[in-house]
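Dropping the structure in here first, questions after.
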Amino acid sequence: MSVTTNRVVLQQGEYAGTLRKTSVSHIGLRVPDVDASVHFYGRVLGLVLQGDLDGGGARLGWGAGHHVLDLIPGETGIDHYAFEVRDDDGLVGIRSRLEAAGHAVANLDTSYLDGSVGVGSGISVSDPDGTTVHFHSPIWRQGENVADTGRRPVKFQHTTVGTAAVQPMVDFFASTVGFRLSDQLEDGRFCWLRSDKDHHTLAVVNVERTGVLDHYSYDLSEWEDFKTWCDRLTELDVKVQWGPGRHGPGNNLFVFFDDPAGNHIELSAEMEKFYDDAVHYSTRRWLPVPASVNLWGGQTPTWRKTSEGTV
Amino acid sequence: MSVTTNRVVLQQGEYAGTLRKTSVSHIGLRVPDVDASVHFYGRVLGLVLQGDLDGGGARLGWGAGHHVLDLIPGETGIDHYAFEVRDDDGLVGIRSRLEAAGHAVANLDTSYLDGSVGVGSGISVSDPDGTTVHFHSPIWRQGENVADTGRRPVKFQHTTVGTAAVQPMVDFFASTVGFRLSDQLEDGRFCWLRSDKDHHTLAVVNVERTGVLDHYSYDLSEWEDFKTWCDRLTELDVKVQWGPGRHGPGNNLFVFFDDPAGNHIELSAEMEKFYDDAVHYSTRRWLPVPASVNLWGGQTPTWRKTSEGTV
Amino acid sequence: MSVTTNRVVLQQGEYAGTLRKTSVSHIGLRVPDVDASVHFYGRVLGLVLQGDLDGGGARLGWGAGHHVLDLIPGETGIDHYAFEVRDDDGLVGIRSRLEAAGHAVANLDTSYLDGSVGVGSGISVSDPDGTTVHFHSPIWRQGENVADTGRRPVKFQHTTVGTAAVQPMVDFFASTVGFRLSDQLEDGRFCWLRSDKDHHTLAVVNVERTGVLDHYSYDLSEWEDFKTWCDRLTELDVKVQWGPGRHGPGNNLFVFFDDPAGNHIELSAEMEKFYDDAVHYSTRRWLPVPASVNLWGGQTPTWRKTSEGTV
Amino acid sequence: MSVTTNRVVLQQGEYAGTLRKTSVSHIGLRVPDVDASVHFYGRVLGLVLQGDLDGGGARLGWGAGHHVLDLIPGETGIDHYAFEVRDDDGLVGIRSRLEAAGHAVANLDTSYLDGSVGVGSGISVSDPDGTTVHFHSPIWRQGENVADTGRRPVKFQHTTVGTAAVQPMVDFFASTVGFRLSDQLEDGRFCWLRSDKDHHTLAVVNVERTGVLDHYSYDLSEWEDFKTWCDRLTELDVKVQWGPGRHGPGNNLFVFFDDPAGNHIELSAEMEKFYDDAVHYSTRRWLPVPASVNLWGGQTPTWRKTSEGTV
Amino acid sequence: MSVTTNRVVLQQGEYAGTLRKTSVSHIGLRVPDVDASVHFYGRVLGLVLQGDLDGGGARLGWGAGHHVLDLIPGETGIDHYAFEVRDDDGLVGIRSRLEAAGHAVANLDTSYLDGSVGVGSGISVSDPDGTTVHFHSPIWRQGENVADTGRRPVKFQHTTVGTAAVQPMVDFFASTVGFRLSDQLEDGRFCWLRSDKDHHTLAVVNVERTGVLDHYSYDLSEWEDFKTWCDRLTELDVKVQWGPGRHGPGNNLFVFFDDPAGNHIELSAEMEKFYDDAVHYSTRRWLPVPASVNLWGGQTPTWRKTSEGTV
Amino acid sequence: MSVTTNRVVLQQGEYAGTLRKTSVSHIGLRVPDVDASVHFYGRVLGLVLQGDLDGGGARLGWGAGHHVLDLIPGETGIDHYAFEVRDDDGLVGIRSRLEAAGHAVANLDTSYLDGSVGVGSGISVSDPDGTTVHFHSPIWRQGENVADTGRRPVKFQHTTVGTAAVQPMVDFFASTVGFRLSDQLEDGRFCWLRSDKDHHTLAVVNVERTGVLDHYSYDLSEWEDFKTWCDRLTELDVKVQWGPGRHGPGNNLFVFFDDPAGNHIELSAEMEKFYDDAVHYSTRRWLPVPASVNLWGGQTPTWRKTSEGTV
C-alpha cells in the first residue's frame, strides 16, 4: 500500500491514570424535534420520561435513579457530557488540577444531580472545544448497571467526541483531569481513554469539525442480544448503519444505528477490562486501517474515515 | 380419512392491510373473584396493581406506563379489548371507515389512556358480536416492550376471540378497520390477522358461542424461557394445559395455562414477522387438522377442536 | 377421587447398592424391517452402521468404539439389554451373587464386546421374564459420553422394561445383581433403579405383559436441545408422542417419539444425580397419578397408564 | 481417615411439614456503617433505597413491593429474620402451635408489612437463641420473584443462622412452626429445612456461637450469570470468597462474597425442588466432609469447618 | 425513488412441488490450486480429505459417509452440483419428466455415490446453462446432519447458481424436475426454490454471465455460532465479506466469506421451513432493493446488485 | 504489605515476534501406569487410542488427524513438547536461528508426523533445561480445532513448563525461536509467550526444579461448558483442584484437575487474542500476587506460589 501515514504518538502527562472509578453518567443533546426524540428513546431504547426541562426540553432515564439523557431543543449537537467520579477525593483533585492548568471551573447546578447518593456536588468546565463537561459525585444508577438486566441496555457506557484537534483534548482529559490512554491509531487521529476498568469511557476522534458528538454508546449484556436488537430495530423500521462487528481497540462487539436527529448510537458488549491496580500497561498503537475498527472485515460506515483505506 | 371438510376461503376487502403499526394494548376481563385474579396476575405473571376501578375492579400493568389488564367483577367473560394505533392518521382512517360501514363510533373515555404519549385520544365501537373494541393513539409501554427484558413476558401480544360467525369478524377487522389475513384454516373456522409486523395481533376462531375470549397471549423472549416458566408454574401449583409446542400458523412456540377464572393464557415466542413494505404475501390456508396447530405432534387441549381430528 | 390405590413397598435385599459404576451399554431389538430401522437410526439419531450381524441384522454405534444398538430381524421385541460394569471386581461379584441365587450364568460371546478396553469379558443371564441380560467389562465409548458433544445424543442412558411382575425384577436387579431403588410409585407398579450416579439406569414398569421393552432413552445436553430436536423431528416427519415435559422421578426433562418398529424412544436431560459415597438415601414413593410422571401437567401418552387417572 | 464422627440424627416432631407455601421475606441486619452498606447494596446487588428507619437505619428492596433488607446501625449482627406464610390458615396455625409450646408471641408491628397484599398481619417471636423471627401474611413481591428477570438476583432465597445448639432450633422450626428437614450432616451440626418447594428456606449450622447470621442467599437464574457476577464483582473490587461450586445438600450452584460489614452473601441457582404433595421423602444424611458442601472439590472458605477435614 | 422496475412473475408448471424430500448432497468446484483449497477447507470448515480424484483432484467430507465437496484442478468455476432424492419413487419421476421434456439423461457414475445407503443409483443431466446436475438415491450423511453438532457446520444447505437467463432455469428445476418457487424478487432476477421443508435448497440469480456459481451455503446451528465463526475466521486471517445480517427471502441469518479460489461461502441459520403437506403457499414477491437481501440494513457486498439501489 | 519484590524485566531479542502462525501440536508425557492414563484420557477427555508406541507407550488423539498425546512408561515427567509451524518459511527460519545460536538441531523422526498435511518435516532440539522440543510443518487437526465442536475440548492450547531459570528459556523461545512475551509477573518468575493470535501458546514458570511440566491446557468453547465439565468430573470421581476462575494474564477462564499420574490439566476459554499485524503491543507486567492469577479472588492451589502472598 503506497499511502504514507504520519506516525503521531499522543502524549499524556504525569496525572494520567489518576482516576480509576470514574464513568460516564449523562449526556445532553440538542435535537430539532424533542417530541420525536422522546418517543424514539422511549420506544426503541426503553428510556423513561423523568421530567420536563426549562425551555421545552425533556429528561430521560431508566425509570429510577439518575437520568441518562437530556434532550434540549435546538440544532443537532452536543450540549454537555458528564462523568460520575467515585474515586476517593477524585472530585477535589480534578478541580485543583483543572484550576492549576488555568481552566475556569464552576460549581455544577445541582438540578443535574437528580439521583445523587447523599448530598451531591459537582463541577462544570469547558473542554478545549468549548463543550461543557460535568464531573460530579456518586449517583444512584438504578435500572441501569444492576449487573446485567436482560436484553435491555445495561448502562450508558462511553461518549466519543469529534474534534479538529485531538492532542489538546488528550491534554485536557489525560494530563489534567486524570484519564489515561488505552489505545490510539498510529496517525494520532483517534484515541481511547479510560477512567475505570473499562477500556474506554471516552474516545476522541479527528473529524475536521470541532465540538461535535461522534457517537455515544450503551452496553448490552452479550452477543445473543445483538440478534434480538437487530431484529427489534428492523421491526421498528430503524436501519442498522454499521455492524454487527468487533472493534480492534477495546475488542468490543458493536452495532450502530441513528436517532431521529441523526446522532449515531452504538450498542456494545464484551469491552476489554483494565486492572491498573495489578498490572502496568503501555498505550497500544493501531494501524489506521478499516480492519482496526472492525476486526471481522474492512467495512466502515459512511461517516467513518481512516487514513489508510485498505488493509 | 373419510371426513369431508368444507373449503371456505375467507374474504377481505380493499382496506385490508391499511394498518401496519397497530398492536394490542389492553384487555378487560370480567372475573368472579377480582382479588384472587389480582393475586394470581401479580405473583404468576408479575403484573403490578396500578389502581382500583369503579365498581370493585382492578387495573394492572408492568409497573409503569399504560395498563395491560382491567379485572372487572362479574361472570367470566371479555368486557373489551383494545389496540394501540401508531400508523400515521391511522385512528382517523379507522373511524371514517367504521362510520362509512355503518358502525356507531364513540369517543373513548380517556380514563382508559392512563399512559398516553402526549394528549391521547381514541374511539370505542362494538365488534359484530357486540363486544367493545377500543382503538387509541400511542401509549407509553414501559416495563413491557423494552427489547426483551429477561424472562418476564416481553409484551401483551395478541387476543383471540371466539365467535359463532367468523366472516363477519373478518369483514369488520380486515375489510373495514384495516387488518389483513395472514393465515386461515381451510374450513374457514380459524383465522389470524395482522396489523403490524407480527403474524397476528388478533385471531378469530369458531367456537359456536359468540363474543367470548378464546385465549390471550404474552410474548416471551426465547425458548429457554419455556423451561423456566413451566418449572415456575409447577412451583406455583399452576398446571400447564397445552404444550410446549410450536404452532403452524405464526410458527410460534407456545405453552398454555389458565387463570383462576378459567381464562386460557398463552406464552409465545419466535412469532413469524411480515414485511409488507417490501414483499407481497397471499393468505395461506392450513389443513384443519391437529398437526396444524401443533407442528410437533397432534395433541390438542380439551377446549380446542379441529374439523379433522387426525392427520 | 374415589380410586383406592394399593400401597406396595418394593423390597430390596442386602446387596442393593453394591454397584456404583455400572451403566447401560447396548441394547438388542428385534424389528420387522431392519433396513427401515437402520435408515431411521442413521438419519434421525445419527447412529452409524458399524457392521452386519449374522442372520440379516445390523449393528449401529456413534461411529467409533463400542456399539449401541443391534437390530435383529423378527417380530418387534427386545432381544437383550446390557450393562457395562466399571466397579472394581464388579463383574466377579455379580456372577457369584447370581449363581448363589440359582441363576444360570454363561460367558458372554465376545463378539458383543467390539469396543472393549483391553481384553474384555462378560456374562449372560436371563432376567426373571426370560429376556437376556449382559454384564461386561469396560468398553470404549467414543462418540458418546465425551462430555456433552453438541446437540447430538450424549449417551444411551437407560432401559425401561415392561413386565407383569415388578417385584421379581427388583429381586433380580437390586437384591442380587446390586442395583438400588431410587424411586417407586406408591402402588409398586413402577420403579427406578440406579447403578451409578444417575437416578436410574434401569426402570421396571407393570404393563400386564411380560418381557417387553417399555422404552429406552438417550441423554441430550440441555433444554435448548429439545427445541432443536422437536423441530428436527418435525422436519423428518417424525411425530412427537409425549412432551416436552419433566418427570417427577429423576426430575429429568423428556420428549418421546417412536422408531419405525413402534419402539418408544425417549430423549432426556437434567437427570438427578445420587452421591452414594457421601450421603444416605431412602427410596422415595410417588403417588401413582399423571402429575408424577409429568410434573408440568397431567398429560400422559396413550401407552402409559397410572393407577389413579387424575390428580 | 481416622477421625471419628458422632452420628446424630436430628429429630422432628409431628407438625413437621405442615407448611408448604412459606418462604423468606426480609432480613434485618445491624451494621456499623449504614451509609457504606446502603451504597454497597445499591451498586452491587441493585437494591433500591425505599425509606429511612427510625434511629438512622435504612430500608431497601427491589424497587417496588415489600422490602428485602433493613439496615440498622449497631455492631454487626442479625436483628430479625422473616417469613411470608401463604399456606391457607398458616399464620393461625403457627401462632397456636407456638403458644401451645410455650413461646411468647406478639403481633407484628405492621410497619414491617410495607407491601402487604390486602390488609396484612403477622406475628413476632424469639427463636431459641433469642433472635426475633417474623411470620406474616402474603406480600407483593414486585421486582423480585417475577419469573427470572435477567441477571439480577431473582429473589431473596434463604437465611442460614449460626447457633451453638442445633436441635433446639430444629425443635422450634420443624416440630413447632411446621418446617421440615430436607438434609442434615451426619454429625448433626448442619441441617437444611424447607417450608415450600425449595430444598431449604432456612438452614441451621453449629458455629459455637449463638444467635448469629452464618450467611444469607439470593437466587440467580442460571449458571451463565455466575460468570457475569464474578466479573462484575471484580470490576467493583469485591473479592469472591468461595466458589463457584456446587453444594451437595440442595444441589445448588453457589458463589460467596462479603458485604462491607463482613456478612457473607451467597448467590445461588438450580436449587433442588421438593414435591411433598406427590411424594414421600426421608431426610438424607451427608458425611460431614468438605466434598459434601462442594461436590466439585474439597475447598472450603476460612469460615466454614466440617467435622472431618478431608474426604 | 424514480427507478422503474420491470415486474416479472416467474412461471412454474404443473410438476412444481412434486419433490418434498430432496436436498443438496455435494458440489464439484474447479479451483486453480487444489492443495491450497484442500488446506483451507480442512482448517477453516473442518472438512476431511476422503480421497484423491483422478487428474489431481481431491474429495472432502465431514469424516464419514458421503462426500460434500470435489475439488478439481482448473480455472475457477462450478463443475457439477448434486441433489439427494429421498422422495418415494422420486428419482424415477425426475428421469421420466426430464426425458419427456427432451433432456438427455445419463446414469450417474457410481463413484460419486461413495456413501450410498444400500445400492445407490443416480442420473446426470445438463442444466439449461450446460452445467452438470446429479440426482441420486439416499446417502449416509454422517458427520453432517446429525441434529445440530455444536458449532461445526450442520450441513451443506443450498447452492445458488448464477445465470444469464433465470426463467429457463426455473422451467428446468420447477416445471420439470419438481422443485417449487418459494420467493422471487419482483423483477424476476432472483428466485429461491425448495425441494424439502427448507425455504430453498437451490437459488437462481441473474448475473449476466452463465453457468457460474454465485455462492453456496452451509448451515450453522444458531446465532451464537456467528460470533464464534467471525472470531475464528479473523484468527485465521479470513475476512468476512458480508454480514452478519438477516435475509428477507428465507429469513435466515447469514455471513459470507471467500475460499482461496474466490468462491463465496455462506454460513446460514434459522432458515424458514415450509410444510407443504399441511398448507397451501403462494410464491412471495420481494422488492428488488438492498433491504430485501438484508433486512437489518441496506448493505450489500461488492458482488451483489439489485435493480433498485436504495430503499 | 511489607514484602519486597524484586523487579525483573525479562528481555527478548530482535527475533521476538517472528512467528505468528505457530501453535502447540502434541506433548509426550512419561507416566508410571500407561493403561490407567489411557483409560483416563479416553473416558474423561474423550481422546481416542490411535496406536501403540514402541516400548509400551500409547498414542492418543481426537479420533482423526494428528495425535495430541504420547504416553510413555516411566517416572512421571515431560518427554517432549511440540509446535506446529504454519508461518511461511517458519521452519527454515527457526532452524537457522537455532543453529546460529549454537543449538544442535536434528531432523524430526517422521513417525511423529502421523497426520501431516502433504509431506511433513520437522526438527528436534533441546530446550535450555534439556527437554526435547519439536517444531514441524502443518498437520491435519481433525476432531480438534474445527471451530468449536460442542462441549468437547476444542484444541490442545498451551504448555507451561517449570524451570529453575526463566530467562534462558525466554532467550531460547523468544530471542531465538521467534516467540514473543505477552505478559510477565513483575518478579520475572512467570511469563507467557505467544506465537500466534492467542495470548500464549507457551508459558514458563519458576518452580525451583528444572525441566518439568507445570501444567498443560485444553480449550473449551465457552463458560457454559465449565458447569458441564465440573459436574461431569464429579460424576467420574475426578476432583477439581482449582477454579473455576479467571486468570489476569490472558484473561481466560480456567479450571484445573489432575490426571492419574498427577499432571495438572487446565481447561480454558475466552483467551485474549493479539493482532500483531495491526497493532504494536508492549509486554505487560503483573504484580506477583494471588489476585493476578485469579482475578475473581486470591485462592491459589497448593502447587502454585507467588512472591507476594496477598493482595
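Order as written gives the chain letters A, B, C, D, E and F; numbering starts at 1 within each chain.
Methods note: a residue touches a chain if its C-beta (ideal position, glycine included) is under 8 Å from a C-beta of that chain, and two chains touch if they have at least 3 such contacts.
These numbers come from a predicted model, not from an experiment.
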{"item": "Counterpart interface for A-B, drawn from D-F, C-D or B-D and sharing over half of its contact pairs", "value": "B-D"}
{"item": "Same-residue or different-residue interface between chain A and chain F, half as cut-off", "value": "same"}
{"item": "Per Cα centroids, the chain farthest from chain E", "value": "D"}
{"item": "When chain C is superposed on chain D by its C-alpha atoms, the rotation angle in degrees, nearest 5", "value": "180"}
{"item": "Centroid distance [mean C-alpha coordinates] between chain E and chain C, Å", "value": "41"}
{"item": "Centre-of-Cα separation between chain E and chain D, whole angstrom", "value": "58"}
{"item": "In chain D, residues with contacts to at least two other chains", "value": "149-152, 231, 273, 291, 295"}
{"item": "Arrangement of touching chains [line / ring / star / complete / other]", "value": "other"}
{"item": "Full enumeration of touching chain pairs", "value": "A-B, A-D, A-E, A-F, B-C, B-D, B-E, C-D, C-E, C-F, D-F, E-F"}
{"item": "Complex contacts: residues of chain E adjacent to chain B", "value": "183, 186, 248, 251, 273, 275, 278-282, 284-287, 289, 291-292, 295, 311"}
{"item": "Footprint of chain B on chain D - complex, ascending", "value": "64, 117-118, 138, 140-142, 145-152, 196-197, 221, 273"}
{"item": "Contact footprint of chain D on chain F as seen in their complex", "value": "223-224, 227, 230-231, 233-234, 239-241, 244-246, 253, 291, 295-299"}
{"item": "Residue numbers on chain D that touch chain A, as the complex places them", "value": "35, 39, 42-43, 45-46, 48-49, 63, 149-152, 225, 228-229, 231-232, 235"}
